[in-house]
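Encoded as structure tokens, the structure appears first; notes follow it.
Letters A, B, C and D mark the chains as written, and numbering starts fresh at 1 in each.
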Amino acid sequence: MSVRVGILGATGAVGQRFIQLLDDHPTFDLAAVTASSESAGKTYREAAKWRVNTPIPDDVAGMEVAETSPAGVADADVDLLFSSLPSSVASEVEPDFLEEGYVVSSNSSNDRMAADVPLTIPEINPGHLDLIEVQRDERGWDGALVKNPNCSTITMVPTLAAIDEFGLESIHVSTLQAVSGAGYSGVTSMEIIDNAIPHIGGEEEKMETESRKLLGEFDGAAVHLHDADVAASCNRIPTLDGHLENVFAEFAEAPSPEDLREAMRSFESADLPSSPDQLIKVYGDDEPERPQPRLDRTYADGMGIVAGGVQTTDDGAKYNCLAHNTIRGAAGASLLNGELLVEEGYV
Amino acid sequence: MSVRVGILGATGAVGQRFIQLLDDHPTFDLAAVTASSESAGKTYREAAKWRVNTPIPDDVAGMEVAETSPAGVADADVDLLFSSLPSSVASEVEPDFLEEGYVVSSNSSNDRMAADVPLTIPEINPGHLDLIEVQRDERGWDGALVKNPNCSTITMVPTLAAIDEFGLESIHVSTLQAVSGAGYSGVTSMEIIDNAIPHIGGEEEKMETESRKLLGEFDGAAVHLHDADVAASCNRIPTLDGHLENVFAEFAEAPSPEDLREAMRSFESADLPSSPDQLIKVYGDDEPERPQPRLDRTYADGMGIVAGGVQTTDDGAKYNCLAHNTIRGAAGASLLNGELLVEEGYV
Amino acid sequence: MSVRVGILGATGAVGQRFIQLLDDHPTFDLAAVTASSESAGKTYREAAKWRVNTPIPDDVAGMEVAETSPAGVADADVDLLFSSLPSSVASEVEPDFLEEGYVVSSNSSNDRMAADVPLTIPEINPGHLDLIEVQRDERGWDGALVKNPNCSTITMVPTLAAIDEFGLESIHVSTLQAVSGAGYSGVTSMEIIDNAIPHIGGEEEKMETESRKLLGEFDGAAVHLHDADVAASCNRIPTLDGHLENVFAEFAEAPSPEDLREAMRSFESADLPSSPDQLIKVYGDDEPERPQPRLDRTYADGMGIVAGGVQTTDDGAKYNCLAHNTIRGAAGASLLNGELLVEEGYV
Amino acid sequence: MSVRVGILGATGAVGQRFIQLLDDHPTFDLAAVTASSESAGKTYREAAKWRVNTPIPDDVAGMEVAETSPAGVADADVDLLFSSLPSSVASEVEPDFLEEGYVVSSNSSNDRMAADVPLTIPEINPGHLDLIEVQRDERGWDGALVKNPNCSTITMVPTLAAIDEFGLESIHVSTLQAVSGAGYSGVTSMEIIDNAIPHIGGEEEKMETESRKLLGEFDGAAVHLHDADVAASCNRIPTLDGHLENVFAEFAEAPSPEDLREAMRSFESADLPSSPDQLIKVYGDDEPERPQPRLDRTYADGMGIVAGGVQTTDDGAKYNCLAHNTIRGAAGASLLNGELLVEEGYV
């Protein structure tokens, strides 16, 4: 029972992660890879400067790269497309595929906050997917567009969803983000060795808005943003992979550290192939120095969230959380949304 | 008009910074250096594994290292001692010097929160120095003990003092701290390369308590802690020098970003030899990516504070600040307290 | 057909690698772990500060740590011991085990150049193992002691063995070594961030002598050192794992780059469980920037050698080689010698 | 007695170093700065993304950036131009200036090996400057073009010049080069964190040819390359500034380590404003771990060479050397050639 899938923007850093994650996927068969017109017609091996630490799967290496257009993938007979295009390209090209009836699970940042585009994490707000019905009505598309959030948002939101039962009122979050989040050439070595940069363009606003949409309620017609105040400070540090975040939360009720740890530990995962058995791993008081990017980013093959350092403060609580930014925070997030689309019958 | 000074614990990382900062100091003459008993009797050059990036001053290199005891420095005829001893040693040894009538400006963390020990930053709370009178009454010492705060506290407090006019009610702060803060061997390379550690033992509590003492009021008898809530999350990252901090502040009034920047920029410095002309340098909206540790830690020869990224949030404001942790945050802080002790007639 | 094995010095960095590599080993069953007397009696989980990026195997976590003495392991009924003791300890303790008849495959540096101790890499000089007969005659031991070379030596020697057919006369080698080679706390972050250290105590001499023993001839009574001149310069750089080396070689004959690549590629591996199918992976002219530590250190699960950049020079040839220093260069090397000892009937 | 100078390509990394080094220069007055046509007409502050750790000199910040053409600098009335243009641009543009009679001291790599272009290090081969006469005859230029070598070459050649009295026959050299050598954006953080790259395009050939020209003899008509064999392996490592090199040298005679150290220490510097008092600082046997990039790159304000680890080998000697690659290895090298041009009357 397999689903034929394609990757839009398959040669870039996130594209390469898609290929790695799709290798041996139980239901998805990779049938098309696209890139910019300069790469079209080459084999994937020729077109991609492969940098992932596992080899290019043999069947992908020889695949011909198609143009990123409905015509380009027409012969591949795919049912689902993953998009890791730069957002400026995606905002132009994604509508072409949607008009042609394709279902697109996209990691690109455009349209994430659009009122009729579901922004989903399958373990958190799967029900938002039905915003697709609104989307089809509004846009007249046969296809469907679903987005996953930004990597820094996705690191924090599962923990917030887990503890929202105590009435989240305010969140202050500081991020320590890995360089891979900016793409392969996004951060030069001269910028970051022996340094840190307290600003990532647009990132703070993404965390502040996307998290409220993800935690919001969908009433069948629209998603109502969660009303907690969210303020973020985003920093780039000299790590390769794995975003670490310090969260300060204020609540309507005052949970104990053990309440918070228990809420996170027992938060239910999804029953999808790429979802971890336990979504959030939580370190206790005896290991306050965890999670750490290098030691914890591969938890659940990079698809899990790891939390720790849970403590109460005068006005609420603080804790740390971490996720692998290019797996759970990018390609893996789109992949999981793809699995949800299949599960829910949209593919 | 010179003052003869000594350094207790002169061979360690902070001790080396003291020596570097005292070289060519306008009023202080280094007359004694002490270390543990194994080093006593050696020349300073033999005893210290010198790692600062300027050479050992010639006159210090040949100086004989004394034992860390009043007897050890008795012949040196010093008027003022700087202490960079490990706190476990300092808590045992500092009282011996005080009983003998020495004035000690100490960077060691012991006794910082003691009710009769002034914890001062000369530009922030010079008046707290008169707690020495209480101290002398209580302890019967002829000498005087003054402490400077922890390096992570001192990075943030000048900015808080500058904006307290708007009624600080709550502070959440995340730190990105350099490895030198843990001493030369405190952080192994295996721990920190391609990594970050979201915990520094005791650091969060220091920030939470010391900052409230520094911002508190002294009524002639006692210091009353500032009543703002302070919660800190402390992280070690792979930088050598310079602590960067993300501050989220809530206020009684709601200042604008420009109010906050102006309050920081115009905050008065002290008229002491090692105090910067402008205490707090503030980057504007056009340079949101500053301050950065490697580029900004040497502002005012490492004695200044650098702020930036000032923005308002739904519930207050956020900004970033930075200081050189082993200069302004350690040896330079004690040196400045020494200058204040001279200015105020305690030496 | 399983062999019961023990690890001497099981809690350290190399000891942890042994445990990781022995997990699911086809023939070896871990039956004893030893450490210093402070750790003896604790469970392994309590005694070890586990830092490897896979979890402690469940059956090892609860194992009781024994003292490092024949009495300590007496009840475990082991046939083979792996030693990752510090060399100062190993030189005192290993003889005790040998007198009691244990077969010891040791990574410790003591006795590597002893005339009656085989220093072996199974793919290179398996025949040297029979030096055990000489050893037993000389020392009156029932047991047997075999050593593997230093991590920097083992990175280079397989490539030299492969090209020795052209008559190696002189080798100059520069190493770029990872910090893990010095153990978990061997290199502080203050020493190595934004830096390199052109000296590793004893390392150059090890490369210069061990490589000539490994490439030497065993005539049944003694190993005659290879007569090539070997000079090494060893550098520590800010990488975590993987030693990269630049080799300059002079020959009796003048091979072409393709001769050299072919000799390396076709060099035969050993038929042992942990030996790679292809011992030396060789990059061609089209990828001159490989091998790289982070991208190539996991070749063949860290048990392979990777070479590249092969070029001729006016007086010979130059090339680069790389191996994972704590797998192929330490625990994996001892493990492989253990497999050879079984294969050859010494266990 | 001042000389008006200009900088071609003033906004790049090397251009910024030129500006830093020219600030307060005793004889050179900066009168013109050029950049590409997009920057022309802007102030320098607007055109340059300033990244050097000292502020832009006030008089330069407001200077108008000119086009990189003789017309662009015509009004500035300069006598000497420093060039830090990309070599592809330099090879097109430099001849225009020379035809107009300008004297150009260039750091660009084009034409370094041209038979009529002097490649000089003032302390090593100042006499080669007179190749300018040949150049003027051949090319019909009124101006003069002098080049300085590549940063990796210049690190090694002073030490080789110092020990050539023992009859250099063969040099093998491995480099550990800082990321700044590739320009601000030349090495991405994803490439180099926890990694090393054993290849820098064109670098090995530059070291092999330029060093033989620098050490060669000028007979009034041509420079005859030194006949030593030179083979280089070049590596990029995660350091910011400072190239460290391991040299293996073979000689006609066999000098002792002390002979070599003495020859380096006593090697005469030049009597030019930017030349260090002692050109080569040499660490002795007691400090084998030096030189190190972070600790030694600022020797003599970055204009000196630092050597150490001198030892004899079976076939010669080995040692390590280090220089600051963007000061002595680039802008400072051109500056020094400019000072030599003035001294020798070419300006």
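The working rule: a contact is a pair of C-beta atoms (placed from the backbone, for glycine too) under 8 Å apart; a residue touches a chain by one contact, two chains touch by 3 or more.
This structure is a prediction, so every number in the text was calculated from the model and none was measured.
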In the contact graph of chains, the distance from subunit B to subunit C in steps is 1
Greatest centre-to-centre gap (Cα means) from subunit B is with chain C
Averaging C-alpha coordinates per chain, one finds the centres of subunit A and subunit D separated by a number of Å equal to 47
So, in whole Å, the Cα centroid of subunit A is separated from that of subunit C by 41
Multi-partner residues in subunit A (2 or more other chains touched) are 51, 193-194, 238-240, 294-295
Note: in the complex, subunit C contacts subunit D through residues 170, 172, 174, 176, 194-199, 229-231, 233, 235, 237-240, 244, 246, 248, 288-295, 308-309, 313-315, 318, 320
In the complex, subunit B touches subunit D at residues 51, 53, 193-194, 294-295, 298
Listed in rising order, the residues of subunit A that touch subunit D in the complex are 51, 179-180, 184-194, 238-240
